[in-house]
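Shared between the two complexes below is chain A, which has chain B as its partner in the first and chain C in the second.
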Partner chain A sequence: MTALAMQPWGNYAVALAASVECLRVSPWTRRATTPETLRLGVEASPESACLPFKACTGHFIKAAMEGVEYGVMVNSRGTCRLRYYREAHQKILDERGWKLRIFGLGYDGIKPPLIRHFDPDPIPFLQCCARAQQKTLAVDALEREVWRVRAIEANRGDATRAMEACLADLDRARTVREIRACARTFAPRFAAVPTDSRRVPLRVGLVGEATLLRDRFLNHNLEEQLGGLGVEVSNFFLLGDEMRNIFRIGFFSRNSRWTLRRIARPYLDALVGGHALESVAHTLRCAREGFDGIVHVAPIGCMPEVSVRPILQRIARDTGMPTLELSFDEHTSSVGLTTRLEAFTDVLRQRRERRA
Partner chain B sequence: MWNIGTRWLRGRTGGAAGFAASSQEPIGLPLALYAYLHPGLWQAFFEGLGCPVVLSGSTDAAMLERVGLVSETEHCLPAKLLDAHMDALIGRVGRVFVPRILSLKRGYIACPKFGALPDAARARFGDRLAVLSVELDENREPLRTSLVRFARALGASGPAARTASERALAAWADACADDEKETAGAGRRYLLAGHPYLVNEPWFSEPVVRGLTRLGARVERMRFDRAPAPDGPLRWDTSAIMRDTLADLDARRYAGVIQLSSFGCGCDSIAERHFREAARERGLPYMLLRLDEHAGEAGMRTRLEAFVDTIGSRLP
Partner chain C sequence: MSERYWLGMDMGSISANLALIGEGGEMRFDLYRRVDGDPLRAARAALAEARTALPTDAIVAGAGATGSARHLIGVAIGADTIKNEISAHACAAVRLHPDVRTVFEIGGQDSKATMIRDGVVVDFAMNLVCAAGTGSFLDAQAKRLALSIEDLSAQAMRSVSPTPIAGRCTVFAESDMIHKQQVGHRQEDIVMGLCLAMARNFLNNVCAGKEIAPPILLQGGVSANLGIRRAFEELLGQPVIVPRHAMVMGAYGAALLARAANPAPTRFRGFDVCEHHLHTRTFSCDDCANRCEIVEILDGDSVVGRSGGRCGKWEGRQAGSER
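The block that comes next holds the complex of A and B.
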């Protein structure tokens, strides 16, 4: 069967895999970049490209090495460099003689080119979309459980193990009904994880560039590291919300662009591009909701995210909520990062004690 | 696609936000980044409204030192310089002007950094400087309309707003015409390519021009008063113009292309390949000079010499 490579999107890989079934292709994806794919990507990409670009190049090269014929990636119509990436990846693959054709997920007419190419039957296609959407929502819910439990688990790693088990089941669920039933088991399963009820976790929001927020390898396992330090994270990239925004459903919902824009307006009155608006709005909202701190992640040189950093610093000053800015490239050291995270959580703890 | 739902909203709230003070209070204009996109325009505009203008001064070694103290480290150099120039205005004026630029050419978009400029300026300097701003978006309305709207919002009467805008546009056209005079003349020359705030910023471009002149070569700066060709590979306005200019170069008139690019420029990291290819297709030698705060003139001179030498030896 023809194979289709998809970008690593964290736990959403399960949902993505479900989304292409109806195209009669077998999905090829990973949950995170691997050291090998990153190495391949760094080698093949221009030096000045950003980390997500390099990782994605490597991912597609690896797919091509394994004989995958097609790939699909998000290519925004926005202001940032992403809009050129599909073409740039394709060029790199072509120059190196790999026969992998990358489709963009954007529209250029009524149908995305991917759909035009594989031309699925409409009914199975819609069913498959429904399944993928249910799985996406299920993963959203799962993520929230893990963030909460990881910060208070009695035995290190229990929450992650529970998450893996849930994901495996979710992957097997075939129909919308099965998926819903599976999602309902998440809460009890996490409730069964032994926790230490004396611990009061710190609450930290993760905002910034989407690839880095999702890719555990590229962000050096940020969520788990913070969880281990007793932090309940809220990672503000949730694919379910993102989809809703793309298709503009739920104009007034909590995370719609419209709502976020309204929240951000005192500090930022433009969309900027990428997820810069989201970074600002979520930071403000976290401050309002009494979060202990914010971690802003961005690839080094990311245009939209870098341009809003002064704004994030200002919010930190105005609200007194500390912000940690993390920039990543292929040379980022895990050790340095861990030290910074520890220092940051120490600051947050002291601050909390002072205020108590 | 993202923008559809919010466009109507921007139409209402966007534009000249953040003005309040009387139009007679002096306004500071930082001479960096956006200033080079419309040379001469803003000064004439504010003066036309009867508002005294205070310029930040030229970029020099002291200004570059300031960069390290006040700006975001991961920015490209021109964006950092804008911060430094604003910093230099503190204490001299109570308010500065920083536009929000979303698009300079219809059908094209500006580098994303221009979208957050006034907000970032307020975040950084808001305690010490009021920031006046106007949204420029050619995809929504032509520059002339934006100017009139801005002048009206600043309290000018309709006719006064129109006069000031016309004067501003005329001053801009004059500044461009001056550039043209400078580059007129016969003989093959080198094209100094790059974003306007590099090519026309003396601190960056003069050393190159000096170096080339010393070698007996003639230099021409890239110009931006053209529209990009439709359907080009790039959607960023200045990048697209740069590529199109290179793609249209006449190899009989030009000896080579020297491209200035800032360290940390996201647009160039994508566009460079297109620039290089365009120059190659025209059969023109191409050299890239990457600028950062610490670029030394000596190293650059050596590279220029080598470049001109190789080309010189290939001239018929």
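The block that comes next holds the complex of A and C.
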């Protein structure tokens, strides 16, 4: 069967895999970049390209090596360089003689090029979309459970293991009914994880560039590291919210683009590309809702996220909520990162103790 | 009754520091030595030296580890507290100068600025992708000039009109320095120029956007270089204090943190660890696609702990726990 490669989008890989069934292709994806794909990507990409670019190049090269014919990637509009990335990846693959055609998910007519190419029948297509949507929402819910439990788990790694088990079941669920039934098992399963009730977790928001927020390899297991330090994270890239925004559903919902623009307005009144405006809005809202701190992640050289850093610093000054800025490239050392995270949680804990 | 001590060890990229403090938190013994690429050997040597300096009936009531190799060393010596160096340095700085508001800590490969208000760390910054504002920069330039750090320090203090040197990058600094030598600048002015370049680099890159409020403490290995202190004072226009024990503040802080944790009983494995055969071996964890290299720390044939791995599940696991 024809295979279609999709970018590694963390736990959402399960949902993405479900979304392409109706195209009569077999999905090829990974939960995270691997050391091998990153090495391939770094070799093939321009030195100054950002980390997600390199990781994605490597991912598609690896797919081509395994005989995958097609790929699909997000190819956003707006002011970020991401809009050129599909062309750049394609050119790199072509020059190196790999026969893999990448579709972008952009708009150039009513149907996206991918749908035009495979031309699925409308009814199975819509059913498939419904399943993918349900799985996405299920993963959103799962993520929230993991963040909460990981900060207070009695035995390190239990929450992650519970998450893996849930994901495996979710992957097997086929119909909308099965998916919903599976999602209902998440809460009881996490409730069964032994926790240490004496621990009072810190609450930290994770904002910034989407690939880094989702890819556990690229962000050096940021969520797990923070969880191990007793931090309940809220990662503000949730694909369910993102989908709603892409399809313009839920105008007044909590994380709609419109709502976030309104929140960010006192500090940023323009779209600067990527998820930078979202970073500003979520930071402001976290401050209002009494979060202990914010961790902002960005690839080195990421135009949108780097351009909002001074704004985030200003918000930190105005609200008194500490912000940690982390920049990543393929040379980022885990040691330096761990030191920063440990010191940051020390700051947050002392701050909380003093206010109490 | 025999006296109680608390031990602190700071294992960095360049230096291994050890501090022993007494009941009242006062420094009783400290040492600073180079790591020379083998942290375990450096730790054993430091322990051997400390053992000779202590009365024979002294009791170590707790041990703390810090520095970039804190996990490795912490497991090897049996530390009660393993703390990052930012918190350790801040803790020691507050102890010696309770009113401190800014700490510049410049080590071998890392440089950090820590902002403290009312004795509590409120913000910090750390160098990112470049070592230009760190001790390694000066080390490299001193080697090129065939000067020891002591000479470098003495020469820098003699300089009357420092030579401007491009200090953004060690490589370009070298070409600029050679050029300045060839045009005929005096060596002491070049050396002071280097100190200024480094300090400027630190202030521009590490401290960018941070509020630098006095009193300012300068600590870490680089604080031994008086030229750096002079450079900071000239650039900031205010006094910079190099505290007592500035070179071993990390270890001092680690000892203070161990004392504050008040472990009962301590996990410290004793000074005799210096005679043990401490070594490591690695294996790769296949639980996920990251394939992390896990380091096992062995004492003779028995595993005393593990470190490495991105998810942290191997950190500090004791012998006997399942893989």
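Here, the second predicted complex is superposed on the first by the 356 of 356 C-alpha atoms of A that agree within 3 Å, B and C clash if a C-alpha of one lies under 4 Å from a C-alpha of the other, contacts with A are read in each partner's own complex, and residues count from 1 in each chain.
The rule is simple: contacts are C-beta pairs under 8 Å (C-beta built on N, C-alpha and C of every residue); 3 or more make two chains touch, one makes a residue touch a chain.
Note that this is a predicted model, so its numbers are computed, not measured.
After overlaying the two complexes on the shared chain, residue contacts for A:Ile300 are found with chain B and with chain C alike. Residue contacts after overlaying the shared chain place A:Ile311 against chain B, while chain C stays out of touching range. Using the contact criterion defined above for the overlaid structures, shared-chain residue A:Tyr84 touches chain B, although it does not reach chain C. Looking at the shared chain after the overlay, A:Gln225 reaches chain C, while chain B stays out of its contact range. Judged by the touch definition given at the top, the superposed model places A:Tyr267 against chain B, while chain C stays out of reach. In the overlay built on the shared chain, the residue A:Thr160 is in contact with chain C alone; chain B does not reach it. Residue contacts after overlaying the shared chain place A:Ser327 against chain B and chain C alike.
Once the two complexes are overlaid on the shared chain, A:Ser26 sits clear of chain B and of chain C alike.
One of chain B and chain C touches more residues of chain A, and that partner is B.
Using the contact criterion defined above for the overlaid structures, shared-chain residue A:Val347 touches chain C, although it does not reach chain B.
Comparing the two complexes, residues 300, 310, 313, 327 of chain A contact chain B in one case and chain C in the other.
Those residues of chain A whose C-beta lies close enough to touch chain B in the complex are 46, 48-50, 76-81, 83-84, 87-88, 106-107, 246, 248, 251, 257-258, 261, 265, 267-274, 276, 300-304, 306-311, 313-315, 327. Within the complex formed with chain A, the residues of chain C that make contact are 68, 83-87, 110, 120-124, 126, 128-129, 209, 288-291, 310-313. Against chain C, the residues of chain A that register as touching in their complex are 30-32, 34-35, 156-157, 160, 216-217, 220-221, 224-225, 228, 300, 310, 313, 322, 327, 329, 331-332, 334-336, 338-340, 342-344, 346-347, 350-351, 354. By the touch rule above, chain B contacts chain A in their complex via residues 1-6, 9, 13-14, 17, 72, 74-75, 79, 100, 102, 109-113, 115-120, 122-124, 126, 135, 233-235, 264, 266-270, 272-273.
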